[in-house]
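Structures follow.
The two complexes that follow have chain A in common; it is paired with chain B in the first and with chain C in the second.
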Partner chain A sequence: MLIVGELINTSRKAINEAVDKKDADYIKKIALDQVEAGADYIDVNCGTKVYNEVETMEWLVNTIQEVIQVPLCIDSPNPKALEAGLSLCKYGQPMINSITDEKERVEVVLPLALKYKAKLVALCMDDTGMPETAEDRMRVVKSLYAKLNAAEIPDQDIYFDPLVKPIGSVDKAGDEVLGTIKAIKEKYPDVHFMCGLSNVSYGLPNRKVLNRIFVAQTMTLGMDGYILNPTDKGMMGTLAASQALLGQDSYCMNYITAHRKGLYEE
Partner chain B sequence: MSDFAQLAQAVFKGNAESVKGLTQTMIDAGVAPLEIISQGLVAGMDIVSPKFKAGEMYVPEVMMSARALGEGMKMVKPLIANSDVAAIKTIVVGTVAGDLHDIGKNLVVMILESGGFNVIDLGVDISPAKFVEAVKEHNAQILGMSALLTTTMLSMKDTIDLLKEEGLRDKVKVLVGGAPVSKNFADEIGADAYCADAMAAKDTAASILN
Partner chain C sequence: MLIVGELINTSRKAINEAVDKKDADYIKKIALDQVEAGADYIDVNCGTKVYNEVETMEWLVNTIQEVIQVPLCIDSPNPKALEAGLSLCKYGQPMINSITDEKERVEVVLPLALKYKAKLVALCMDDTGMPETAEDRMRVVKSLYAKLNAAEIPDQDIYFDPLVKPIGSVDKAGDEVLGTIKAIKEKYPDVHFMCGLSNVSYGLPNRKVLNRIFVAQTMTLGMDGYILNPTDKGMMGTLAASQALLGQDSYCMNYITAHRKGLYEE
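== the complex of A and B ==
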């Protein structure tokens, strides 16, 4: 299981203000909070800083690495910002968020992955648009996998993101994702998964309930990576419980530890 | 309950069959098409809007209402007299160049249609030239642009600049939206308004056009 902490993102108001004020202490605190809560990677996204994204990325990466030593997930649609972040990563194997099967995206991101030996979040979309069904997604997966494989990216460095849409506007969105995970797992047993799942509950009441149940459902089919807020106790508790139930937790030690950390206290 | 109120209720409840039946009854009774739209169909959506904003109704319910309204619209629209067609305002909507995200944009299209507007949905990956061409062709009063990526949202500015070059900027109001877009960004690029969600887009369009 791989947890990517999603909180350092300038689309969040508090992070945006901290970046504007160069408040390094706040950024460090959020990084440290996430690692202490169990994040394996820290996502860094400053895409909303369209006019100085590169400088902001550099400052964030350097600031974060002053306090924590976990690897970073460099998150940007802008290749220049990706490279700026990757070139400064000091700890472990960095991750790129993300590549898609769009022609231009493959051309710029794949060389970066090779140069920095980075793990790759691979979104199931291509130049034809957002996929609807599991079959649509598998078509993209096969095409993108062939390109990554030809470039000698190891399977275990590929993290397919099945692209979670809101069930509130697309009835079958959850089911199509589950079908995609199953199909990827069958065809490429050694690749990993990543998903930002809070999208699934957009526009609906009791979002936490839907998000947590979707964790259990996706994990059952083989999902093994999530980008989320690790300081959300309920969500982290659900992850630990689901892993224990799926036989991924020897002697239920992580589950019991989660209990002692107070993750199940409502 | 008056016929109009019944039709509005059917829209509010998202009951497409009932909307179709009531609309047909009104058409047969010779009620003016524009009245069916404004006092029945759109009035139903006006019950939905505040409830959605107050968190009492949810996205799928709004979609059901919009869909029910759409069924009624389909029946009434062909009956609108040519002289009245001009009374219906046109909005051109699309996702900007290099961006393929369509869920939010589709919601906006559906909700704008439910406001009684004539909505031209250009689709995704729309270049500034295509937006400007569509504004001209359809004589649109409003242009709505959506972007879900920080790299593509800058293309909104290119479209606004092109509108200026073509001397169209004063003739069309520009609304922008999408996850990375903000009120500040909208101001920076010279858009007329930022819309946080589909309902905000409809309300903004209505307040601009009425």
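== the complex of A and C ==
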């Protein structure tokens, strides 16, 4: 299981303010909190800073690495910001969030992945737009996998993101994602997965319930990576419970430890 | 989805007392509460009454049917009590809980299923005892299915119970059940499933969390029947959330209704 902490993102008000004030202490605290809560990677996203994204990315990556030694997930639509972030990564194998099968995106992101030997979040979309069905997604997966494989990106560095959409808009949206995970797992048994969780419940009440149940469902089919808020104790408890039930937790020790840490409170 | 309400069971203290006092009002209330909360069948189990189980079964079945019109699930290790209950069932198609692949059990329960055209909960165990792995369970499933099929029990009347055991004792116990569901679903696509939930979490803390996550996991693989307490709002909310995410709820209307009924409270 690979947990990417999602909190350092300038689309969040508190992070945006900290960036504007160059409040390094706040950024360091959020990075540290996520690692202590169990994040394996820290996502760094300042895509809202369209006028100074490169400088912001550099400042964030340097600031974060003053206090933590886990690898970073460099997250941007802007290739210059991606490269700025990747070039400064000091610990472990960096991750790029994300490549798609859009022609222009492949052209700029694939060379960066090779240059920095980065893991790649591979989003199931292409120049025709956002896919609807599992079949649409698999068309993108096959096309994108062929390019990554031809470029000698190892399977274990590929993290397919099946593109989770709200079930409140399209009631089969969850099921299409589950079907995609199953199909990818059958065809490419060595690749990994990554997805965000909050989209699925967008616009519906009791969103936490839906998000947690969706974690259990996707894990059952082999999903093994999530970008989420690791300080959400209920969600981390759900992950621990789900792993224990899937037989991925010897003697349920992680589950019992999670219980002692109070990981089931809201 | 088929929900069997489990509350009318003399192993529960309040039910045992009501039976001893012939408190028909209490039994009727519990039957009615379960139906109002969404039970499709009401389980009737007085197996602890070894000295007067037949009379108790008759009294319970008659009493319950004074207030509700849903079918009953007649639940007993004793063939005489099974027949006593089945012979009095007035509404819909009764269910027998349960047949196993034990020689003696097949001999007495199969004729009852045919005589009363009953649905059958088919438990994955035989004369060699309780199975450990998914493979062990599938051996029993194949042997028992062959007998039921030869007797012309229709697939849609068979409800395989994969026999859920505590993950606290054997850490792969949950995963073996999930593997069994997958294997049954592939080999016999038209049969149904039934299982209880509380065994899986026995001996561990935060049992509700584990039970709910296990519902989501088993539903993802095709489990479509549970014997549970339908007045547990959190559990019924979990079922609604899971169905919505699996694309089994048009426009998420049941989920939204469940939310309005407060089905996510503890």
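Here is the rule we use: the second predicted complex is superposed on the first by the 264 of 266 C-alpha atoms of A that agree within 3 Å, B and C clash if a C-alpha of one lies under 4 Å from a C-alpha of the other, contacts with A are read in each partner's own complex, and residues count from 1 in each chain.
FYI, a residue touches a chain if its C-beta (ideal position, glycine included) is under 8 Å from a C-beta of that chain, and two chains touch if they have at least 3 such contacts.
Model, not experiment: these values are computed from the prediction.
Of the two partner chains, both chain B and chain C are touched by A:168. By the touch criterion defined above, A:205 lies against chain B and chain C together after alignment on the C-alpha atoms of chain A.
By the touch criterion defined above, A:50 reaches chain B but does not reach chain C. Once chain A of one complex is fitted onto chain A of the other, the partner contacts of A:259 are limited to chain C, with no touch recorded for chain B. Contacts of A:93 after superposition: neither chain B nor chain C is touched.
When the two complexes are overlaid on their common chain A, residue A:247 makes contact with chain C while staying clear of chain B. Once the two complexes are laid over each other on the shared chain, residue contacts for A:143 go to neither chain B nor chain C.
Of the two partner chains placed around the shared chain by superposition, chain C is the only one that A:217 touches, whereas chain B remains out of contact. Of the two partner chains placed around the shared chain by superposition, neither chain B nor chain C is touched by A:62. Set side by side, chain B and chain C differ in how many residues of chain A they touch, and the one touching more is C.
With the contact threshold set out at the top, residues 168, 204-205 of chain A are in contact with chain B in one structure and with chain C in the other.
Remark: chain C residues 167-168, 171-176, 178, 200, 204-206, 209-210, 212-214, 216-217, 219-221, 237-238, 241-242, 244-247, 249-252, 255-256, 259, 264 touch chain A in the complex.
Here chain B touches chain A in the complex through residues 58-60, 63, 100-103, 106-107, 124, 149-154, 179-180, 182, going by the rule given at the top. On chain A, the positions that touch chain B within their shared complex are 11, 47-48, 50, 53, 76-78, 102, 125, 127, 129-130, 165-166, 168-170, 202-205.
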